[in-house]
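Both complexes below contain chain A, partnered by chain B and then by chain C.
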Partner chain A sequence: MSDAIEIVALGGELEISRKREIRDAFTLPDGARAVLVDLSTVTYADSTALTELLRFCVTAQRDRMPIAVVIRTRQFSRLVQYAGLAGAFAIFEDRDAAVAYLNERVKP
Partner chain B sequence: MTRRIYIPLILTLVFLALVAIVLVLAGHQVSKTIEEAFSGASDVRTARIMVARTISLQLDEETGVRGYATVRQRILLQPYYSARAALPVSFARLRRVLTDLKMPGTRAVLEDAVRTNRRWVAVVAYPIITFRRVPARVQLRGKRLVDRFRTDLDFVENSLADRANQAQRRAQQAIYGVTLFAIGAVAAVIVAATLFTIQQYRLAARLERTRERAEEERRRAAESRSAYEAEKRIADTLQGAFTQNLLPRMARVLFSATYLPAAEEARIGGDWYDVLELTEHRVLLTIGDVTGHGIDAAVAMNRARHLLISCALVDPNPGAILERANADLFRKASPLITAVTGIVDARNCEFVYATAGHPPPVLLEPGCKPRMLDFGSLPLGVVGDAKYRSHRISSVPGAMLVLYTDGVIEHSHNVVEGEALLLQAVEAAAAWPAHNAAAMISASIFSNRRVVDDVAILTIRFAEDAGSTVGRVA
Partner chain C sequence: MNASPQLRLRCPAQSRSVAPIRHALRAFLQAIGFDGDCLDDVTTAAGEALANAVEHAYGDDAESVPFVELHARIARGKLAVDVSDRGSFIERERLPGRGFGLRIIRAVAPQIRIDTARGTSVRMRFHIPKR
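Showing the complex of A and B:
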């Protein structure tokens, strides 16, 4: 995996009580060229957490930074479909596929 | 806090009690030492007097005998006889005192002196008194015996003097020791009292700080509570004002709706629904949810409702309504809003709708299982140029549409389970020709579940006959 790919990993239930943790996780260091959002163990996200995820994805896309989101649980996948992410961003069930997707886009 | 008060006090009292006990024991020991020292000193003094008395008596003996030997006058023997009578008594008293003083070595020397005196009497005094002529060697031997006697008694005297000095030193040391201990004890008491005072001062300061903190927390809690209650009153008022109370009456379409506020007061949010007659047969439906809770969410909800209706009046195409509203909300940095907008046409049972990050409508047609309709676009306010697709559903008389907010399916945090429960509830409610399908769905889901987020449900049922109906809020 390329060093330029920054990984954001969160798990469990993402709720407003974890807002600071979520915001911190979605703060990228300078120099990141692509980001892998690993939410493979997330089972639920309230509207606050979904908003943070959406804004992060939109900002990355606006900055032309390749972004891939890994989602595995059925419950969270359904929530993400509601939020319209599935049509707007690259969503993967398989982390390797997500990494391959990003590697393809960060090639010099 | 009580323990903090009593522990230093108890420790100080225990320390002072220990000091007092040690002082009493030490005082007793010192008293005993001094008493022994003074008692011994008295015996020593008596012994020394007796030594002097004995020497004096022996001198009387010698003087008497010498005088008699020179002038042969019997009267000069008077001191000799007096001393002879007194010396045994003097020796006996000296023996007793030396025994009491536990000075066996000195007593042995005294016995030597006693024996020497006897020999002097036998070999010097008696011949001089008895015979007129006494050889010079007798007198010479007498001198040696007297010297030996004196030496013995000097030894006794010196031993007694040493004992007196020892006793005095012991008494002085005891007094010195007890003085030092008394000074130490006083210092210890002062230190203990100082530490106790400091501890008490710190404790008092800590108690004061704790009291002030508790007072501050109480004050903040009261302020927060007051602010919260004020915000809740305003939010409730706005929510009540915004919630649709009267649904339109239409031929061939039956509306029902319900709204349940969150059980947890702080969760009261920005859910809404609207039903607006556009023409005799066409109705605009909107249902949505503003991200967040409280006054801000309620105000944002109000703005979104009016914006959606305004946009519908410009172009009643659901996708276009959402796109136009989204552009405006994005420009004004609105909180994220999820919504479904739809147009119902009662004449042909048609339903055209578009979704924006919102759970999909449910459609139940006679003889079929309820199903989720298509959905999937970003919420309003995320991207300024987001596209929203209109979906067209041509249904049949007797069909029922159900629109709802996320609180209906996210109560257990398992949305898959929530969807299944909703579909069951819709199916059960549709089996009854009641006017309050929304309330029935709500009751079916939440009869034994807590309402953790606001819940809004709107149902639209196409009539199977030509009768008109009146919708109402349950």
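Showing the complex of A and C:
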């Protein structure tokens, strides 16, 4: 994986009682050229997590920084669809595919 | 007497109350035969209603009693899940950060009604999966 790709990882239940932690985690790392958001170990998510994820991705897009999000939990995937955000992020079930997507976009 | 199973929980309207209530609802649903996507969808919708209640129900209304209540039971051939609080109703879809909650509930629950006569009650009805 390219050194230019930073990883933001969260796991467990991403819900309202962790709002501050989620918001703090979703901060663009200094010096990064791309970010892998690894949510592969999330077991449940609510709209609090979704809102913070969207905020993070919008900020990254404004800064022209590519982001790939890894989501494996079916509940989380369905939540994204229900919120109408399926096209808002580059979402992958497989981490390697997410890394390949980012590597394509950080090539010199 | 042949009473229908039901779950009624009343907790402080705090964000840390949401997960335990949701876990109890999930266990109740599993006990009455829900699984897979149906199980996930009902707990997702209830989780959104609970999060809305604890985050926005009370605001500056110091006269309100700060609690949130969940009542789940089988009624008229459907699963009924009501999430109630005594806070002032807020057009929550318009509030920053909670714009997706009601959208998700509406996408998941075949029937939803919001009563604001005394506090706010989000009344959701779901189909019962066939065994």
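As a convention for this text, the second predicted complex is superposed on the first by the 108 of 108 C-alpha atoms of A that agree within 3 Å, B and C clash if a C-alpha of one lies under 4 Å from a C-alpha of the other, contacts with A are read in each partner's own complex, and residues count from 1 in each chain.
In the analysis below, contacts are C-beta pairs under 8 Å (C-beta built on N, C-alpha and C of every residue); 3 or more make two chains touch, one makes a residue touch a chain.
Predicted, not measured: the structure shown is a model, and the values here were computed from it.
Asker: A:R78 contacts which: chain B (first), chain C (second), both, neither?
Answerer: A:R78: touches chain B and chain C.
Asker: Is A:A86 touching anything from chain B or chain C once the two structures are fitted on A? First, second, both or neither.
Answerer: Touch partner of A:A86: chain B, not chain C.
Asker: Could you look at A:K19 and tell me whether it touches chain B, chain C, both or neither (first, second, both, neither)?
Answerer: So A:K19 only meets chain C here.
Asker: Now for A:S47: first (chain B), second (chain C), both, or neither, which partner does it touch?
Answerer: both
Asker: Looking at chain A, which of its residues have contacts with both chain B and chain C?
Answerer: Residues common to the chain A contacts of chain C and of chain B are 13, 44, 46-48, 51, 74-75, 78-79, 82-85, listed in rising order.
Asker: Considering the complex alone, what residue numbers of chain A touch chain B?
Answerer: Residue positions touching the partner: 13, 43-44, 46-48, 51, 54-55, 58, 74-75, 78-79, 81-88.
Asker: Tell me, which parts of chain B touch chain A in their complex?
Answerer: Result: residues 289, 291-292, 335-336, 338, 356-360, 375-379, 382-383, 406, 410, 413-417, 419 of chain B touch chain A.
Asker: What residues on chain C touch chain A, complex-wise?
Answerer: Residues 15-16, 18-19, 22, 37, 40-41, 43-44, 47-48, 51, 54-55, 97-101, 103-104, 107-108 of chain C touch chain A in their complex.
Asker: Considering only the defined contacts, which chain A positions touch chain C in the complex?
Answerer: 13, 15-17, 19, 44, 46-48, 50-51, 74-75, 78-79, 82-85
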